[in-house]
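Two complexes come next, and they have one chain in common, subunit A, joined by subunit B in the first and subunit C in the second.
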Partner chain A sequence: MTRYILIKILRSVFTLWIVVSAVFLVLRASGDPIYSVFSLGTPEATLDVFRAKWGIDKSIFEQYLIYLNDIIHGDFGTSFFDGQPAWDLVVARLPKTLLLGGTTFVISVVAGVLLGAFAALKRGTFWDRGIMTAAVASFSMPSYFLALMLILFFSLELRWLPTAGAETWKHLILPATTLGLTLSGSIARFTRSAMLEVLRKSYMRTARAKGAPRWRQIAWHALPNAAIPTVTVIGFQLGWLIGGSVVIETVFAWPGAGRLFITSVGVRDFAVVQLFILMVASTVIIANLLVDILYGYLDPRISVTGDNK
Partner chain B sequence: MSHQQAQPATQTVTTNRIKRSRLGALLHRWGLTGEWLVTAALIYVSFILFVAVFGFLFQPYPHTQTDLFNQLQPPVFMDGGSWAHLLGTDDLGRDVLSRLIRGLRLSVLIGVIGTVIGAILGSFLGIVAAHFRGWVEEVLMMLVDIQVSLPFIIFALAILAFVGNSLTILIIVVGIDGWERYARLSRSMVLSANRQDYVLAVRSLGLNNFKIYQRHVLPNIMGTLVVQATINLPGVILLESTLSFLGLGVQPPMTSLGQILGVGRDYLILAPWIAVAPGLVIFFLTLSIAVIGDWLRDKLDPTLK
Partner chain C sequence: MSDSLKIKSDPSDEIAQTPLLEVRGLSVVFDTPDGPQEVVDQVDLKVCAGRTLGLVGESGSGKSVTCLGVMRLLDTGGRVTSGEVMFEGRDLLKNTEEEMEALRGCKIGMVFQDPMVSLNPVRTIGWQISESLRLHRNLSKAAAKHRTMELLDLVGIPEPKTRYAEYPHQFSGGMSQRAMIAMAIACQPKLLIADEPTTALDVTIQAQILELLSDLKKELDMALILITHDLGVIAEAADDVAVMYAGRVVEEASVLDLFDNPLHHYTLGLLNSLPRIDRSVDRLNAIEGTAPPPQDFVEGCRFESRCGHCSDHCYGVRPSFNQVSATRRVACMHPREMT
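For the complex of A and B:
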C-alpha cells in the first residue's frame, strides 16, 4: 500500500512539473510578452527598463530556471495591470468560486447518484429512458446557452431571481443550477452503468437468495460497490467543473477566480493567468491523487495490482 | 363498372403499401425500426450538413451587411416582425438567418476538421505507445492522464490569447481536445491486435512495421475509431462555440454559432432571438450527434463502453 501511494505521489509531482513547463512554454516562450502591455511605438529604452524589471531580458533557459525557482518559493509575480501580487488577486476571488463550485458539486453528486441508481434499478422502463435522454441532453446543451435561457425565463420573464452578482443566496441559484445540470447528467450516466454492472454480480444473487430486504440489497450490497468506479469518475469531473465554472462565472458576472481568469486572458495579464492555471492544475492533480488513494482503500484489489507493476 | 371504379382505389392502396414497406425495409435494413429518436437525429444532422454545404445558395443577405435603419428587428413570428428578415436582425441590422447559415458553415467545418486532427494525432500516438511499450508508453499514457484530468478549455483560452488567434490555430487547439480518447482506444486495440494470429502471420512473413499497421491493423481498428470520432464531435463543436462565445474563438468578420450567441448575450432583453436561434441550432446538433454516436456504438461495437 505504501509503495502504491508513493508511486502515485511521484507521478503527481512529475505531472505537475509537465504542466508548469507547458504553461511556461505557452505563456512566455510564445513571443515577447512586452508587446502585450506596450504598443509597438514605445521607445526601446522604456521597454528595456521594463524587460529588466520583469526579468524577460535574459535567455529563455535562464528565464525558465528563474521561473521554476520563483514558483518553488511561492513567488508568482505581480499583475501587469494593477501592480498587485498575482497571488493576492486570485486568492481574494477564491471564496466565491469555492462557494459556487462546492454547492454545484454537492447538488450534482446527490442528484446524479440518485437518478443514476434509480435508472439502473428501473432498467429498460420509461423512467430509465427518460433519465438517460435527459442526461444526454444535459451535456449536449452548451452551458452558456442554458445559462442565458434560465436568465431569460427566471430573471427577465418571471423576475424571481437576479441576473448577475453574488450578494445573497438568491444569486447562487441560477449559476449553481446551470453548472449542476450538466454535471449531474454525466454522473447519472456513470452511476447507472456502474450500478448495472454490480447488479449482475453473484453477490447480489446471494443477497437476494438469503432473503435480504430490497432496500438492504441496494444500500448495503449494491451501492458501495457501484461507488468505486463512480468516485474515480467524479474525481475526473472536478477539472470539468472548474472549466465550466470559468464560463458560467463570466455569464453571471459572478465575482470568482474564473471570471478574473477570463478578464486577465482578455488583457493578457500573464502573472494572473499563469497562477490560475497552476492553481487549477495542482487542485485537480491533488484531488486525483486523493481519489487514487481512496480507491486503494475502497477496493484493496487495486493496490495489489499496483504493487505488481 | 364497379369493377373499373374499384381498380384505381386498390392500386393507390398497393402503391401506398409498397412505398411504406420500402421505407420500412430501408429503415429496417439500417437497423432503425423503432428508433424514432435516432431517425430524427439523422434527419436533423443531414439537414444541418446540407445547410452547411449549400446554405450559401439560399442566404438572403451577405452575413456582414449592416442596415442601421433596421436594427433589432424581431423575427417574422413575433409582433413587428417582417418577411424581409425571417429570424430578425441584430444590433447592427444584420440578418440573423444569414449569419446563422454562415456561422453554421464555419462551426461545422471547425468541428469536423478539429475532430479529424484529434483522431489522427491520438490514434498515431496510441499506436506508437502500443508498438514501443516501455518508457514511451509510460510517458504517453501520463500525458493522456494529464489531458483527461485538466480542464482543457483553460489551456485553450490561454493559448489563443498568448500565442495568437487565427483560424488555423483555433482549429488545431480545438482538435487537440479529445486526442487522449483515441490514444487510449488505439493503444489497447493495437496491443490486443499484436497478439492475434493475423499480425503474427504477416510479421513472420517479414512485412515491415509500417505496412503491418497501415495494411492490416489500421483497417481492423478503423471502425471503432470512427465511432469514437462521432462521439467526440459534439464536444469539439461545443468547445469551439464556447471559445467563440467568450470572444477568443472565431473573430469577425468571420462568424460562428458561438460568436452570434456572444453578441446575443448583450441584447438578451431587447432581442432574445439573436441568442435563442443559434443556441437551439447548436443544442439540437450536438444532441443529435450524441444520439447517433451512442446508437452507432451500440450497433457496431458493443465492446466500447
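For the complex of A and C:
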C-alpha cells in the first residue's frame, strides 16, 4: 500500500512538472505582460526597470529555471499588479470557491445517485423516462446558458434570488444549482446504468431467494456493487467541476479563485495564473488518488497493493 | 387396466404421507416481444418430507422456471398464470410478498447453478451466510457469527475462521457451492431446491457436492428437489423422478422403476443416450432432432416429431396421464410396455 502510494506520488510530481512547464511556456508565448501594465508611450527606461524588477529581461530558459527553483522552495511568485504574493491572493479566494464547489459536489452526488438508482428501479416507467430526459437536457446544455436562463427566470422574472455576489446563502443557490444540475445529470445517468447492470446479476436472485426484503436487496446488495463504477466517474467529474466553476463564478460574479483566474489571464498576471493551474492539477491528481484508494476499498477483488490476483 | 385397483394393491409408505410440497397445474408465461409464451404448462409435482425429487429434462424444458415459479422468484416478464403450490397446507401463490419473504431462505432454501456468480462479490462469505440467520432467526451478531462458523464446518469448508472473512473471489467453484449450500440451509429449511447444483463444477467436485446434499438431507430431515439435465446425477441422488419435456411433465416414477423400465419414449431416449461403462459403443445414441422452443409448443404431444411411435392420436389433444401404479404415471398415447 505504501509502495503503491509512493509510486503514485512520484508519478503525480511528474504530471505536475509537465503542467507547470506547459503553462509557463504558453503564458510567455501569448504576449508580454508589460503592455497590460503600462500604457503605450511609456518611456523605454521605465519598462526596463520593470522588466529587471520582475526578472522578465532574462532568457526564457533562465526564467524557467528560476521559476522551478522558486516553486520547489515554496515561493509561487508575486502578482504584477498588487505586488502581493500570488499564494496569498489565491488562498484568500479559496474559501468561497470551496463553499460553492463543495456544496455543489455533495448535493450533486446525493441527488444524482438517488435519482439514478430510482430510475433504474422504475425502469421503463414514466419516472425513468422523466428523470433521464431531465438528466440529458441538464448536461447537454452549456452551463453559462443555463446560468443566464436561471437568472432570467428566478432573479429578473420572479425576483426571488439575487443575480450576483456572495453575501448570503441566497447568493449560493443559483450558481450551485447551475453547476449541480449538470453534474447530477451525468452522475444520475451513470448510476442508472450501473444499477441496471447489477440488478440483472445472479447474486440479486440469491438475495431474493434468501428472503431479503426489497429495500435490503437494494441497499445492501445492489448499491455497493453499483458504487464501484459510479465512484470512478464521480472522481473524473471533479476536474470538470473545477473547470465549470471558473465559468460560473464569472457569470454570477462569485468572488472565488476561478474569477481571479479569469481576470489574471486577461492581464497576463503570470504568478497567479501559474499557481491556480498548479492547484487545479493537484486537486485532480489527489481526487484520482482518492478514487483509486476508495476503489480498492469498495471492490475486494481489486487489491491496491497489486500482490493479489 | 384399472387405476384405482392398482393403487389399492400397492399401498407403499410414501403415498400414505401427505406431501410437503404439492404443485398442481402450474403454468408460467413469459412476456416476449412476440407476445406471451407459455414455458411451463400445467405441471404437477409432489415432494414428500425426507425424499429427493429429481426433476430432469433438457435445457429449456421448464424445470428451473417451474421452481422459480414455486418460489415466486420469476424475473420480470414471467408470471404464474394458473395452478396451486401447496406447502404445509397453504397455497404459496396466494401468499403476500411479505409472507413469501418470511418463507424464502427460512422454510425453503434454494441453491443455484453457478456459485461463482450467485454470490455477491463485495460481501464476505460469512456476511452472506449470516444474513439468512439475521433475517429469519433474529440472532445477535455474535450468535449469528458463531452459527455461521458451524455451518461452514457442516458443509465441509475447512478453517471456518479464516474463510468467514474471505470474499467469493477467494473461493474455488466447489467451495463457493458449499458456501451457497450453507446459506440455503442456514435456517434448517423443510425443503431445499437445488437448481443444477453441480453443472458448473468439475466432475470430481460434482460427486462431493451431491454427497454433501444427501448427507445434509438426512441430517436436517429435509426434502430436496434436485433439478438437473444429468441422469447420472438422478441415479446417484434422487428417490423419485419427474421427467420434463417442452414445459410439461411426461413421466413420473421412482428412480429404480424409471431406470429399469422407462414408459415414455422420451425417457427411454434419454437413458439410451447415456454413456455406458459396461459396454463400449462407437457412438452415443442421441435422440434425433431437437426439443421445440416455446413458440412452437403445440397442444398435442410435443415429443411427436422426434418419436418413432406416434399415430394420429398424438396430434391435437394433450396426452393425459396414465396412472400406471401408485407412484408411476406417464403422459403418452402409446406408452411402452410394463415389464
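Just so we're on the same page, the second predicted complex is superposed on the first by the 280 of 309 C-alpha atoms of A that agree within 3 Å, B and C clash if a C-alpha of one lies under 4 Å from a C-alpha of the other, contacts with A are read in each partner's own complex, and residues count from 1 in each chain.
In this section, contacts are C-beta pairs under 8 Å (C-beta built on N, C-alpha and C of every residue); 3 or more make two chains touch, one makes a residue touch a chain.
From a predicted model like this one, the values you see are computed outputs, not experimental measurements.
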Would you sort A:152 into first (subunit B), second (subunit C), both or neither based on which partner it touches?
first
With both complexes overlaid on chain A, does A:225 touch subunit B (first), subunit C (second), both or neither?
second
Could you say whether A:262 touches subunit B, subunit C, both of them, or neither, answering first, second, both or neither?
first
Which partner does A:202 reach: the first (subunit B), the second (subunit C), both, or neither?
second
Looking at A:18 after the superposition, I want to know if it touches subunit B, subunit C, both of them or none. Which is it: first, second, both, neither?
first
Is A:84 touching the first partner subunit B, the second partner subunit C, both, or neither of them?
neither
What residues on subunit B touch subunit A, complex-wise?
37, 142-143, 145-146, 148-155, 157-159, 161-164, 234, 238, 241-242, 245-248, 258, 261, 264-265, 268-269, 272, 275-276, 279, 282-283, 286-287, 290-291, 294, 305
Parts of subunit A lying in touch with subunit C, wherever the complex brings them together
201-203, 205-213, 216, 220-221, 224-225, 228, 298-301, 309
Taking the complex as given, what residues does subunit A use to touch subunit B?
11, 14-15, 18-19, 22-23, 26-27, 30-31, 33, 36, 133, 136-137, 139-145, 148-149, 151-152, 156, 193, 235-236, 238-240, 242-244, 246-247, 250-251, 261-262, 265-266, 268, 270, 273, 276-277, 280-281, 284-285, 288
Touching subunit A in the complex: which residues of subunit C?
71, 73, 75, 98, 100-106, 109-110, 112, 114, 117-123, 128, 131-132, 135-136, 167, 169, 180, 183-184
